[in-house]
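Below you'll find the structures, each written out as structure tokens.
One chain, subunit A, appears in both complexes that follow, with subunit B as partner in the first and subunit C in the second.
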Partner chain A sequence: MLALVSLVLIVALLSIAIGPVTIPPADVLRALGGLAGLPAGEIAPQHEAVILSIRLPRTVLGLLVGAGLAVAGAAMQGLFRNPLADPSLIGVSAGAALAAVSVIVLGASGLAGVTAFLGPFSLPIAAFAGGLVTTLLVYRLASSEGRTSVTTLLLAGIAINALCGAGTGLLTYLADDQQLRTLTFWSMGSLGGATWPAVGSAALMIALPLLALPLLARTLNALLLGEAEAGHLGIAVQQMQRIIVALAALAVGAAVAVSGIIGFVGLVVPHLLRLALGPDHGFLLPGSALLGGALLLLADLLARTLVTPAELPIGILTALLGGPFFLALLLRWRRTAL
Partner chain B sequence: MISGRQIQPAATGPASVTNTLRAVGIGVQRGGRSLLAEVDLALGTGEVLVLLGANGAGKSTLMKCLAGELGADQGQVLLNGRELHRWRALELARRRAVLPQASPLSFPFTALEVARMGRIPHGGARASSEADDLTIAAEALAAAEAEHLAERRYTTLSGGERQRVHLARVLAQLWEPLPGDEPQWLLLDEPTASLDLAHQHGVLALVRRWAHRLGRRPVARRLGVLVVLHDLNLAAQYGDRVAILKQGRLLASGTPAEVLQPEQIQTAFGLPVRVIPHPDSECPLIIPRSM
Partner chain C sequence: MKNDLPRNDPSYRARLTRTFPLVDTLLAVLLAVGPATLAFGDETPQRIVSVDGALTEIVYALDGADRLAGVDTSSLYPPDTEDLPKVGYKRALSAEGLLSLTPDLVLVTDDAGPPEVLEQIRLAGVQTRMIPDAPTVEGLHAKIDAVADLLGATEAAAEVNEGIDQALAEVAAAMGDHADRPRVLFLLHKGSGNDMAAGRNTAADTVIRLAGGENVLHDAIDGYKPLSTEAALAAAPEVILLTERNFDSLGGLDALLADPALANTPAGRDQRVVVMDGPLLLAFGPRLGDAVAELARGLGTLPPVAVDTAEADLDGTAGRTGSAD
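Showing the complex of A and B:
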């Protein structure tokens, strides 16, 4: 766990230091120290501006989104009793994105009442609602009598991804130029929209699942035994499942609202941790938060620097890395269970 | 609720009611089929009650009703004198543990971690309870003859080894007597199904010792054990009482010698048998005749 914390700190430092303008790590530390009220040393003003208004919000957002997606992935895998459940694979991210895109495109017309009512939170709340509905739908489809079918789970994910993709496509077709620009960023995922207000709304919504899900570690462990077995251990199964679904959807919805669809983080991170630390959610959930944040920042760093001055959408990068990883997992599963 | 009170036999005093796990006239229908009908069965402390019956006779359904996993359509189930659904889930979990036929667990926990999950209903915030839980989990593994598996990954274990690890889990769940020595209940659904011969006897001898208060641990407790079995001779050897289900109805219940009679077995299982006295003990020995 200590190693993970150090990893997060190092990657965060690199993420703030590296970019079109390279800032020496010492300056980064000085600027951060100044923020914390320590006596700030001499630091170039343009460096300070770059750090405070560009790099720092982006870094914080990356940590939040990565942590949220990874913890949501770990929790969903526990809920579905299946290590292949990833928010993007089973359609939860697509559902959240569809709802968010609806708000972007129809916010001024069809959904004007909704956006007027919810104000700046309409996007994250819509994404949360979309994520919640799809999670519940997938869960209903894939579970019967306390058992979850992997095949149905993944097939339901395909169907929901296709449906939501069609919906998003239709809305894209209806969108105007300005909206199209925003939508492109949705479909591929990016941390480019990092501003302090965006960070603030994401932090509000992701903090709750990040703090609450680790408290449910024992419940998630028990659920892995099976629903009946968890019930015999004194767990209020249905109630707990609803809470876990809501918390996971909240994390995914908030992440999708600020950064679009970034796939595979929720799959790869918990899997790596299970290999290293075992499946106990007591370690898995906090570990996923840390490693998820670090990995997403690292991916963002690559996305920003590989093709400078342009920027790769980070969703493409995580899919390039996560896709083969998922295929390898599937092959292993085919040999053992399924 | 009122009808439930009327059903209760007048002869049963309040003292004995609070010391039983009791099904009173329960019936279950699913999809137009009757799975259980008018089943009255009481499990007392200090005894091992074996539930027998052909496939589909309703053994697992009855077990699920007694465990509170399935609500009965008619009748009621009373645990320590209180209706099952009136117990809070956590209170219930400290009073009865259920060993399923198989668990869908497919994550690579160590056997020790699986056994420790039995301590979940006892979880407190105290740091000391964590250490206690680990000790109990380890001792429960030893009791279930799975000590050597403690650090093995569950996913690498054989069916019989997994079953013993789950047995350790449910033993850990009931490891300590309740305050006031309130009765506790252990429900085992075919615990011997995937075990080798020696372990079949080992497991049943263990739960019998627990029920009869003969083990080194737990010191003194009141425990009743219900076991679903297929092997009639195991039932005869380890059951204090035996109950036979046929097509959802209770065909017979009583001591092994009373119940395990050739006609009874022929009726329940459709199998001709001879029953002779066991050469070494007092229980009957059942020998199937070729059909």
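Showing the complex of A and C:
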């Protein structure tokens, strides 16, 4: 855990210090010191702007989104007792994508009223709402007479995912050239929209699941044994399931709203840790938050610097960074397991 | 330091770098630190990033090429733009990437984004100007004037505007009262079941009209929209217009007319297909006159220039308009 904390700190420092604009480390430290109330000294105003209004919010957002996605992923894998589970299973990403693509494609025509009312925040608000509404729908569909079966939840999720996918496909078909490119980029994710207001609203949404899910570690450990067994252990299974799904949806919905679809983090970070540290959620949940944040920041660092002055979509890099590492762990685990 | 350093001359910098590898690093540091503090005041911008193909062409036309610090991926003309740093696709800009070019002016059209990035650039104290973009001749003049105001090049702008008007007037005069207005279908993209066609309020629509043709979809659609092959048939175009790149990627005339719907249009039966350089046709910049003249020759509304006759489309065979290189 200490190693993970230091990893996060190192990556965060790198993320603030390195970027397309070359800033001497002394200026970086001065700008950060100034923020902490130390005498700032002389620093080029543009360097200060780059650090304080571009890199710092982006670093904070990267940590939040990465942590949120990974914790939600760990919780979902625990809840569904399925290593392939990720937050998209409960419909949150598909719903957010459908809403976001609707805004991108119909923003100037069918949804002109909505976009005029919400202005530049139309897309994030729509994505967030879309994600939550879809999750709610999946949950409703899977519940009858106050009971929710995890299997039905999974199947309802698959059905709703397919429906949302069809809707997104239809809109993609209707989109013009420019809209197509916009939505393609959106669906590969980016932390480029990291302004302080965006970071603030994302923090409000993601902080709760980030703090609350690790507290449910004992519940998730018990649920690993099975729903009935967890019930015998004195856990209010239904209530807990509902809380876990809601928290995960909140984290992922907010993450998708500010940064688009960033795959891989939610699925693989918890696995990496499970292979390395075992399945105890007491470690797994906070560990996933830390490693998720670090992985996303590292991916973003590369996204920002590899093709300057342009930028790569971050989704490409999370998979590119995490994929080989995960495969290596998998191969090692296979050898020991045989 | 700012005025006597020929830092914008790529060949100079390349030569220096070859001789002293460290110089490039030093220069980069100087560039990063210098203009940020010096660029403001009454001076005209010295480091411009243009995030639109037509705006880039306008900056070139106004003799501002040496002040360009970077362009977007849609800036393809003139070919020199290839040597400039590319800031990526205009709707997926990177704030810090842009700032790393230490611009003192960023030129964008209203489709540039994301908005947060533009906001961050503004916050960093870089002047960002949205240049209105309407695909009409008046819109083009306004666009050129707006850029000229920022560059302090109003005289050059008057010249460029006059040149465009003159070129258009020449084409119009040469066309005379050409009674036959060919009905043109422009396919922005054709192939893999996703055909995009141009309706009204597009650069293609205006160029077609100025070249003496008529856009068959002018009344039917607004902007660029997907088009079913049957709708293409129903529109009954007499000429099909494509970009060079699209035509080549399809595999030529036979491949294009293998589409039964297109083959059965009047254009398909007469094999009247006009192929044009995409950036020239669509950029809607200072070369509008050239684009119109070239298309007019392709449509047959303008008699072909002697040099270009070899492959021009007059007698019903498909061919490339413009210079046959």
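Operating definition for what follows: the second predicted complex is superposed on the first by the 228 of 338 C-alpha atoms of A that agree within 3 Å, B and C clash if a C-alpha of one lies under 4 Å from a C-alpha of the other, contacts with A are read in each partner's own complex, and residues count from 1 in each chain.
Quick note on the criterion: a contact is a pair of C-beta atoms (placed from the backbone, for glycine too) under 8 Å apart; a residue touches a chain by one contact, two chains touch by 3 or more.
Fair warning: this is a prediction, and the values are worked out from it, not measured in the lab.
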Check your understanding: Which of the two partners, first being subunit B and second being subunit C, lies in contact with A:Arg181: first, second, both, or neither?
Key -> second
Review point. If you stack the two complexes on chain A, which partner ends up touching A:Thr134: first (subunit B), second (subunit C), both, or neither?
Key: neither
Check your understanding: Which of the two partners, first being subunit B and second being subunit C, lies in contact with A:Ile235: first, second, both, or neither?
Key -> first
**Study point:** Which of subunit B and subunit C A:Ser53 touches, first, second, both or neither
**Key:** second
Exercise for review: Report for A:Thr195: first if it touches subunit B alone, second if subunit C alone, otherwise both or neither.
Suggested key: second
Exercise for review: Of the two partners subunit B and subunit C, indicate the one touching more residues belonging to subunit A.
Suggested key: C
Exercise for review: Under the touch definition given earlier, write down the residues of subunit B that touch subunit A in their complex.
Suggested key: 64, 67-69, 89-94, 96-98, 100, 103-110, 113-114, 117-118, 120-121, 123, 155, 173
Exercise for review: Name, in rising order, each residue of subunit A that touches subunit C in their complex.
Suggested key: 19-23, 44-47, 49-50, 53-55, 120, 173-174, 176-178, 181-182, 185, 190, 192-195, 198, 304, 307-311, 313
Study note, to complete from the structure: Per the touch rule, the subunit C residues reaching subunit A in their complex are 28-29, 32-33, 36-37, 70, 73, 85-89, 91-102, 111, 113-117, 119-120, 123-125, 188-189, 196, 223-226
Point to revise | Interfacial residue positions of subunit A with respect to subunit B in the complex | key: 81-83, 146-148, 218, 221-222, 224-226, 228-229, 231-236, 274, 278-280, 336-337
